[in-house]
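Given below, in the form of structure tokens, are the structures.
Next come two complexes, and both contain chain A; in the first it sits with chain B, in the second with chain C.
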Partner chain A sequence: MSTSLRIKQQPPARDVRPAPGKAGRGRRLDILPYALVTPLTLFIVGLALIPAGFTIVEAFFRVQPLNPPDEFNGLDNFRQLFADHAITASMGNTAIYVVIGVLLSTVLAIAMAVTLQKEFRGRSILIAVLILPWALPGVVEGIVWGSIWDSNTGLLNSLLNSFHVIDHYMVFLGQNHFLTILGIELVQVWQITPLSTLLVLAALQNIPADLYEAATLDGCSGWTTFSRITLPLARPGITIAMVQAIIATLNVFDQPYILNGSAATGASVTMQTYFISFQNLNFGEGYALSLLITLATLAASLLVLKFVYRPVEF
Partner chain B sequence: MKQRTPLLRWFGIAFILLWSLVPLYWALNISLQTDAQAGSKPSNYLPPTPSLDNYSSLLTGGTDLAQSVQQSSVNIFIECAAATVVTLVLATLAAYAFARMQFKGRRVLFYAVLATMAFPAYTTLIPLYQILTNFGLVNTYTGIVLVYVSGFLPLATWILHNYMSSLPIALEEAGNIDGASRMQVLWHVVLPLARPGIISTAIITFLFAWGQFLFPLVLSSDLSTQPLTVVIASLQGRHLVPYTLLNAAGVLALAVPAGIALILNRYIVSGMLAGSVK
Partner chain C sequence: MISKRNRLRNVALVAGAAALSVAATGCSGGGSSASSQTKDVTITVALFGAPPPQKSLDEFKKSTGITVKWSTIDWDSLQTKIAAASTSNTYFADATDVDWSRVGQEGKLGWFLPMEKYIDQKAYAADMPQLSSFTSNGHIVGVPFDASYLVTTVNKQMFAKAGITTMPKTIDEYTRDLQKVKASGVSPTPLNIPFNAAEGLSTYWYQTTQAFGGSILDEAGKPQFTSPDSPGYKAAQWMVDALKNGLVPAGNINVSDSQGQQTLMAKGVTASTFADYSGNVGSLYDVPASSSVTGKLQYIPTPGLSGTTANVSNPDGIGILKTAKYPEAAAKFIEWFTSAENQADFAGASGPDKVMPGYFLPSRLSGLTKLTSAKGLAGGQELTSMLKTSKPVFPAGAPVWYPQFSNAVYTNLHAAAAGSMSVDAAIKTIADTATKLAGQ
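Coming up: the complex of A and B.
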């Protein structure tokens, strides 16, 4: 597992083709590799690159399937997006999802990774339990957590009431704006934290043990060891964890869709893309919003790489 | 300090267990109760009279709701299995070429494949819908599987490429000297050696396919192709569907991925890590 983080540098491909010349002509075009990569290429070009090109171009077109013709309309789609309160509100919501989600998942991931850093009995079972939420569909996680947040029968209300923290059941989702987003984002954090934890853990396991021995000999406290050795040396893993959290949270859909429907208190930009495109059938604006989300995702990921990432050498 | 560290670790262990398991326990607990029991205040922390009635009414019942859960369970299995098989076959062929052969355009193509992983999947949601509409593939198994395969191929190719590159090349060279063709070497030498990598790629692909929601929400218009995730989401919107049945349906939808994650976790960890370093 500890080696997996270093797969950036690949060994050069080595050719296992039989020595040319056997067939008489040494320079014949070798078609086998092309045959092997053709299906992949067709999929990537036809169902990823061309569609991505569509998104970039059509963002500047008026595209309404029920109301032709399609025509170039410059930045009109973008202007309409920013004039629409539901859209700008969803941008604000998404910003909160990202901040809460990235911070919470990163902090939890570091804490969990430190817990798992040293070998102990039952550690592999604990890792199996840890990755469980990552493997489950976001929709079902929404249903499951819905039974915890529920205002009539939910677990949280029941517990808070039993411990006399509240004297009547509360509505957690759909009323208070921040509470709604926090409750929804916690479900996504539940889903993405396992991967973040494994990424940080992989970085921790590259830290040489003698650094910790030296720290113990020097009489460093647990906190000093953590803040001076563990945290700085885990930065490459933390960076990747934050990047994957940014991609997930900026594109959050399943959890708010299930837990809060189309209500403005929690709608995300990806939800708005879905509503604009497939309920209002305004594909042009949908394309424009998709393009904005994609650009925001790339920009935020690059920012994290620039400010959090530091190469670590042992 | 010697005392504080183990205590902190116990705290961490307890936290991980509670964090991962309490929500799942709660769904299971609700699904084993009757509506009246599930509605009590305070909640029943254990089912007072555990019963599988909710499950049997979903799995064997003839109501519309039960039938939609049954049909969409069949759909999700077909779509996930087909997407996994096609992805694995195509990714294995391409990964072998990338890892072991020299050809013009190899680098460019490889980086193009990796670059597609940097974009959020939903970038291509609307164009894929339009393309499938043009080919008459909306609301077909073929359409859904094509979209899944296009989404999972880059990652699968990347994981398998790394795995194959790390294998010792000497055995393959021996195969060549013995006169085996390159495809025979792939089949008889590389594939058996790469088995752990292939299993881990298969599991990751299957789990990704199982978790899909927005793509099938857009690309499937009725029960003939809708996967379980889409049907569960639609049940949730209807307030007539009892809360206990909804949780039972949820438990059914997460039983398969949860079982895979618990039993095959050693394959998943390596795949997850490989997949995120893009």
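Coming up: the complex of A and C.
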């Protein structure tokens, strides 16, 4: 392939500041930009940064309304969390959710985005339909998929039985650990893949058509075109899709809670955060676990940035 | 003339100022200052069910001058909001849910105003057998607004097909009858036990333990189910054996209580639920839209060790949050909401216009009697006599650590049913949890 394609650092943004003297006329402070960003800034500071700071501080305090007073207890909350088998088991479950969810949703998103990359009849309708699972609340999806996985009256059992694949109804969720996690995570993959697809598709649509034309002229196979042009140039979009998948899977709550109750076979870390904070009213440990989830999200996202993200320039 | 740019700037400034003031108000937090006003006020009532008919609420407004803003929130979110609002001393609602299982916790924390200040405690207690479930530290935390207790339901047609015409009175007879139904082929899996790891499994175990002649905890919170001879241990073993022996559908390992009632009992897949919801015959099994077994299910006095046994109660209550803006008005609403007449109307005594969707049964004996005589409530006589003798799970009130205990109950019983641990190990873990929590 003769087409030269390079992935390189973007040049620094051009300095668009006006020449000295022009903006300084009258030395009047233009407050419009500040006024415009104020609501958003307040929103982010009030609903994200302050609670985050509060969580970090309180994670090192014993905060139990049933057992006052609140007092500094160092790393005790973290020690308690790691000594609790239910918590460590849920950490293991969540790690599997993340691995399955991120890999599967990314692969499916790339496949679907490539399919949707070229114009064809009904493409717009297909994109509109594609987004539906993402728009549905997790609880609704849990209920819908519950009737599919149901071991007594479920659709899947009924279908498998009709086609003589099985001779008696199977228990998909609740008995076998891995099968339970897989069944639950497939539901989440069904939910998060549409957004991942749109993110990857947006990246693909930026790829200049002449690169594909050049590849065709050079006689590149479909796979070569995909692996040498599509995939490398879609990396920014794939990175964002993977990060959003990491955030979603690390925080999975609705699907395991609706489909498998509180059973250890599928309980996630965020479920445990809920139980600790609002069932046991042990807010200190709840803050500590939330902080761990945040750190895990940050670490996993940084790994993706390091190994997947590459800036591209056309 | 103001230029377009200046106009935009002004709009932006106003928006910024508004956002600042909203944020400042939000950050100031703080609780509400309560008012004793009861005329021309609007109160917020937050519950997990649909509101009473608008016509009824309008009548209440006309007679009291109190407007009710009803907020429907699912049960789990409601508990979260109650905890969050109470701990941060923020207004959330005037009247809201008090679940029997949270009474110990909420009573100790003082999140609700003592109801004895607003109601005639003696008169309420005489007409509401479940009021005792809402007492903590000598205070009434909430008032039960509907009656909920666990009952045994049986598909009499399926039992009759298996040759059973006399209903079982003991747990042994009940087990033999279920085996007979299974052996006859009428239902290969005749018993519905919801083994999903959720509260419904815990309450099922409490009722079964009651049937085996025992209780869960003593007054000090000490577990009463550790010995293999104890009723609680036997109840757990009986439930798990029922699944392993095929009396319960294998898929029930992941079936919740309401799911089992809707998809198994109401569809004629299973023939009996040992610990069913009170009111299900009239509100679910006899409703053609949701059931294929209309007219075939009935309540039976719950079989016990040597005869029928008491029914364990798990009622829903309503109380006044300490952060309420209008506690007096909220008290007036609760008095109206839990009156015998309204309770009977909400359950259908005066026709569909006054029905409150999802409402089960009156918590007042007088309300239940009114309902039974007005519309021939399915199993009304049985339900009234069962309500009279119903017992709280914890006679001394739910312990403050109940939610944590219940979590241990349902996760470990589920694990025993799934085969990932033995019944013995599950019971030991539950008992250890109770002992640890009681000792804190």
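FYI, the second predicted complex is superposed on the first by the 267 of 314 C-alpha atoms of A that agree within 3 Å, B and C clash if a C-alpha of one lies under 4 Å from a C-alpha of the other, contacts with A are read in each partner's own complex, and residues count from 1 in each chain.
Simple rule for what comes next: a residue touches a chain if its C-beta (ideal position, glycine included) is under 8 Å from a C-beta of that chain, and two chains touch if they have at least 3 such contacts.
Owing to the predicted nature of the structure, the values given are computational and were not obtained by experimental measurement.
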| item | value |
| --- | --- |
| Partner chain in contact with A:L66 - chain B first, chain C second, else both or neither | second |
| Partner chain(s) touched by A:F283 [first = chain B, second = chain C, both, neither] | both |
| First (chain B), second (chain C), both or neither touched by A:A214 | neither |
| Partner chain in contact with A:M112 - chain B first, chain C second, else both or neither | first |
| A:I148 touches, of chain B and chain C: first, second, both or neither? | first |
| Which of chain B and chain C A:G222 touches, first, second, both or neither | first |
| First (chain B), second (chain C), both or neither touched by A:V99 | neither |
| Greater chain A contact set [chain C / chain B] | B |
| Partner chain in contact with A:L302 - chain B first, chain C second, else both or neither | neither |
| Contacts of A:T273 with chain B and chain C, given as first, second, both or neither | first |
| Common ground on chain A, meaning residues reached by chain C in one complex and by chain B in the other | 32, 34, 36, 39, 43, 46, 146, 150, 152-154, 169, 261, 274, 277-278, 283 |
| Residues on chain B engaged by chain A in the complex (per definition of touch) | 1, 4-5, 8-9, 12-13, 15-17, 19-21, 23-24, 26-27, 30, 38-43, 90-91, 93-94, 96-103, 106, 109, 112-113, 116, 118-131, 146-147, 149-151, 153-154, 157, 161-162, 165-166, 169, 172-173, 176, 182-183, 185, 207, 210-214, 217-218, 229-230, 232-233, 236-237, 243, 246-247, 249-250, 253-254, 257-258, 260-262, 265-266, 268-270, 272-274, 276-277 |
| Residue ranges of chain C in contact with chain A within the complex | 8-9, 12-13, 15-16, 19-20, 22-23, 26-27, 79-80, 83-84, 87, 105, 108-109, 195-198, 249-256, 259, 263-264, 267, 269, 400-401, 403-404, 407, 410-411, 414-415, 418-420, 440 |
| Residues of chain A defined as touching chain B within the complex | 1, 4-5, 7-8, 10-11, 13-18, 30, 32-34, 36-37, 39-41, 43-44, 46-52, 54-55, 58, 108, 111-112, 114-116, 118, 120, 124, 126-148, 150, 152-155, 158, 161-162, 169, 190, 194-195, 198-199, 202, 221-222, 240, 244, 247, 250-251, 253-254, 257-258, 261, 270, 273-274, 277-278, 283, 286-287, 290-291, 293-294, 297-298, 301 |
| Residue numbers on chain A that touch chain C, as the complex places them | 31-32, 34-36, 38-39, 42-43, 46, 65-67, 86, 146, 150-154, 169, 171, 173-175, 259-265, 274-275, 277-281, 283 |
